[in-house]
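What follows is a set of structures for review.
Same chain, two partners: subunit A is paired with subunit B first, then with subunit C.
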Partner chain A sequence: MTALHAESRLRRAGAARAAAFMAVLAVLPFLFNQHWQVNLLVFTVMYAGLASAWNLLGGYAGYPALGHGAFFGLGAYAMAIGAGHLGAGAGYRPFLLVPLIALGTAIVVAPIARVLLRTRAVAFAVLSITVMFMVQTLAYNIRGLTGGSQGLALPIAPFDAATFERPYYFAMAVLLVVTVGVCWVVRTSKLGLALNAVRDDEDRARGLGVQTETVKLLAFVLSAGLTAAFGAVWAYYISYIVPGFAFDPLLSLVAVLMAFLGGRTTLWGPITGAVLVGPAQQYFAYRFGASQLYLIAYAALFLLVIYLLPDGVIPSASRYLDRARTAYRSRATRRDRPDQVPMEPVPPRGGRG
Partner chain B sequence: MSALLSVAGLTKSFGGVRALDDCGFEVAEGAVGALIGPNGSGKTTAFNVITGYQAADSGSLSFRGRVVRRPDPCRLQRLGLARTFQQPRVFPGLSVLENVVLGRPQHWHALLGRRVPGTDRRRAEALLEEFGLAAHADRPAARLSYGQRRLLEFASVLMADPALILLDEPTAGVNPVMVETMERHIRRRHDEGVTFLIVEHEMRFVMRLCDPVIVLDRGRPIACAAPSDVQNDPRVLDAYLGE
Partner chain C sequence: MHLFLQATIAGILIGGVYALLASGQAMIFGVARTVNFAQAIFAILSAYLSYTLFGDLGIDPFLSVLILIPVMFALGYVIYAVLLRPLNKSSAELGLLVLYALAIGIQGVLDFTYQTNIRVIAPAYANYSWTVAGYQIPEVRFFAFLLAVVVLGALHLIRQYTKLGRALRATSQNPVAARLLGVDVDRISAVGMGLGVASAAAAGAAFGMVIPFNGNSQYDLLSKLLSIGVLGGMASMPGTIVAAVILGVVESVVAATISPDWSAFSFLVVLFAVLTVRPQGLFGRQLRGEL
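Moving on, here comes the complex of A and B:
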């Protein structure tokens, strides 16, 4: 029984958590059905997905990517061009483009990723930002395709005005579930182990025969493809995109902030971060948007997170719980067997070797 | 016995310092060789160059009878060459068990398989048991002591069944009981046919365990002989004690 449990990747607790998560996602837009509320939900779910997708590369592999806005924008423009120029039309059909856009972005990004992944740490962060601005500049200048700074309009979907946001919300929610699913598969697979090894000590991982190049590339393209999918739905939702918003440096940073806040090493951390920061962000932007003071609010939040919760909410909370549990258990143990608290490994008794 | 590893003419400079200067030696299959020498004589650099962590300026390397043109840690590992580091390197964020499991070479199609497959787990657990680390299996490696990390690093290297293991100061910072454990493990693997090359400062350990002993001085081997002969070699005494 226990052996069977250990062998199975999906523990019962995990399955229950996944089911609860999907149930909550499904009922949220019915519980909060005002337009502004559903709008807030769309953005919060989108950011939860972006933060989770970023975490594949930034958290599991420890590569501090700060340019995921590039892939988001690629997805957005692919959708605008697909739904507008190529005439996928309005209604639900553009949603069918989303998986294609994710796949296409993953393929297009692969050669760039190979080059970027030759650098590490700060150099990688700087290069990833550079790529974002390069793509943004391209979007400004390839006017025939992107409309340049005038932007591109997408067809307005003929959805019922009373529940206009709902299809977009569910598209985002499905993408979020897919993203979390991908993260879970990666975490519980050899790929996840290899990525964590890359994060901790890439050179030694190579020396142990881990195909570091392959696993990093996989994490990168998965992360970029999923990010593009969110960009595609976003573009259709706001229905009018310009390079400055589609390729938004802030977007990359906010997703990173959320992952940091929630806990980079965990599955649910980025989502927790998005739930905490997402609504706050909208509120700040609404209250202080004109003066751009909300940017300062972000910076302050980031500093607070790094100062108080360097590992994020989820790891800190679980460590606190662990400590409480251990303290409780050791109190119980000390009552029973006062002499047994082994910390150092017990030297092997004679007889062997 | 044939040479499992042979290097010739290795040269590596850091700025004006020649860490390796026309360095060449051989390690026979089934030997437990030692690489000793005063501080700064190029022992660790030799290891780094042999395992591909640093590129040599010139020289050649052959392992298992084939010439390795551009040594690369990943490829050499697949050929059966493993190493440990002077400062033990473990993956601090991974559990102790996962650290060992990583030592098992993977194929790309196994990447989507389980993080820790059952067979790997059982083997890793057996190794941890041997090294007295079983109680820590599920803890992050960051919580281990320095000596325990050294043992863990050694254990993880064994997962790949290497033909040759380069150990960089295996006893430094390890308590005496663990040194014995280490020695026992080296002997046991040696009996199973694994070849060793060991950089070590602890001379009693070297004299007990190793043959031949290769002595490096200023990046160049000055002696290669049985431990008792090396001890009395005037060039070696000169290198250690100065002119």
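Moving on, here comes the complex of A and C:
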């Protein structure tokens, strides 16, 4: 089998996976059309997108960002203010604001990102969450714009009550597809290679001529802009936002949890993680109606993942499959030469300085 | 001017409590090489425990510290031995995430046990204060400050003048060299973590008398602790103490002269401004992540 063949087969497999993914996203709200089910889908798709967007910076570049709640909240408030200007009966028009909000957030965030990216590893984690707290404090205090702790109400959309959640679901689904697309483009381009180099050894990468500052900034800005887009749709969906929920310190932790669970640094890992965690979380919230229980469940799940599945579901599963396949092959050819067993993939190192 | 000085006094008093909490965090940073995102919830946990000891058994909050310190020391020791030690060889961020998850879990347990009502530990002398040359000095804050100074002094003596302290300093300076010289690095690190968490115990009991709290207060406290850590240099004890007192004073003065709403924000702005100029913080060099 030539390399070219393998590559085109791989590309075809990828395209098939992408088509299947979009098809599933498109039919899901028709298969599960109860209100609570679609609501659950909206949130699961949103978390899948948030985790994928986080993965651009946290996974590919290895920068442990903990402040994505800031960008989510910025998007939510931008939407609340924008939709408020459009007024009641705006219908689908607020969705048109979403790309603008993503772009605007990306531009606003860029100078902050430059300062943050001067630090690494633990210091970066600390500073990113500090930015989250800063923006949250602003949202509480600039009452003229944000309504302070009273929050902002958005106009209720005049959608058909029977399928009220559907427009939001499809907005989230489109954003998820865009996010996965961005991740795919990044992974397959020079940018992805550069980010990998930054994650493995930033100083050496810079020494070898990688434009580390530029690629880090790009990953940060893309990640933040996409996160803001999800925040915007979320705000229109729940139609009433307060600083404590829009700027949620937990949001990044949940995204990290999902990315770790599924396998950070992979394309489908964060989505797998979201599919595993998202519905369970919503179920907990409805069944027990108690946020403290899902706090405990998150913590327990997180610790289980880190100690039992440190590489996440997807890398662990594919390694298991590889091993099973080699074992099968070596048995089939009756050649059991241990020196030919393929080496296990080297686990990715975190982005240490 | 009177208002300014009054606010400065209040700021220094609360800054002492922050200094205690933050120096525990600095000690943990030294041995565990990661930022303890659970330090704030440890303080809240001990505030709740002290609240219960006072409410149910009538033990004075300042005396309850004598019970809380060994309990929280054991908790810190166990957390290091069970959760952090297995991670030691992998990246520092992972330890941070584990501690963050732990903080969320503890908050869940606290919210479940105590509900989310705002509490405050209110001993009989809670509202007394002395008047010195026209300035009010609330007794509780003064004793809280005193407690912080005493515990900080004890920590300093342990670090500087005991064999354990020498091992602790060696471990945080260079764990490999310390191990080669015969220090049981794993055990010493667990002890260091225990001491750091124990300082959160003392600070938490004091904090619970001065500021009303619930489980969610951990974020407010955490953002202050992180700011102190960044400004003071994560592993530097003197830097941490100076930064904590500065934070206490800035916060208190802004609250008194401008508005309480902006007190937290003003400090975050200072922090961000400092970092644009000096990414390594005001003190210390370890901040960029060269751990």
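Criterion: the second predicted complex is superposed on the first by the 312 of 353 C-alpha atoms of A that agree within 3 Å, B and C clash if a C-alpha of one lies under 4 Å from a C-alpha of the other, contacts with A are read in each partner's own complex, and residues count from 1 in each chain.
Just so we're on the same page, a contact is a pair of C-beta atoms (placed from the backbone, for glycine too) under 8 Å apart; a residue touches a chain by one contact, two chains touch by 3 or more.
Since we're looking at a predicted model, the values are computed, not measured.
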| item | value |
| --- | --- |
| Partner chain in contact with A:R187 - subunit B first, subunit C second, else both or neither | first |
| Greater residue coverage of subunit A in the superposed arrangement, subunit B or subunit C | C |
| First, second, both or neither for A:A205, with subunit B first and subunit C second | first |
| Which superposed partner A:N196 touches (first subunit B, second subunit C, both, neither) | first |
| Subunit B versus subunit C as contact partner of A:T214, first or second or both or neither | first |
| Touched partner set for A:P64, first subunit B, second subunit C, both or neither | second |
| Subunit B and subunit C contact sites that coincide on subunit A, given as residue numbers | 353 |
| Parts of subunit B lying in touch with subunit A, wherever the complex brings them together | 51, 53, 73-74, 77-78, 82-83, 85, 89-94, 98, 101-103, 105-106, 108, 110-118, 121, 132-133, 135-136, 145, 148, 156-157, 160, 177-178, 181, 184-185, 187-188 |
| Partner subunit C, residues of subunit A touching it in the complex | 64, 66, 115, 118-127, 129-131, 133-134, 137-138, 140-141, 249-250, 253, 256-257, 260, 290-300, 302-303, 306-307, 310, 349-353 |
| Complex interface listing, subunit C residues touching subunit A | 34-35, 83, 86-87, 90-94, 96-98, 100-102, 104-109, 111-112, 116, 215, 219, 222-223, 226-227, 229-230, 234, 261-262, 264-265, 268-269, 271-272, 275-276, 279, 287-291 |
| Interfacial residue positions of subunit A with respect to subunit B in the complex | 6-7, 9, 185, 187-194, 196-197, 199-201, 203-212, 214-215, 218, 265, 342, 344-348, 353 |
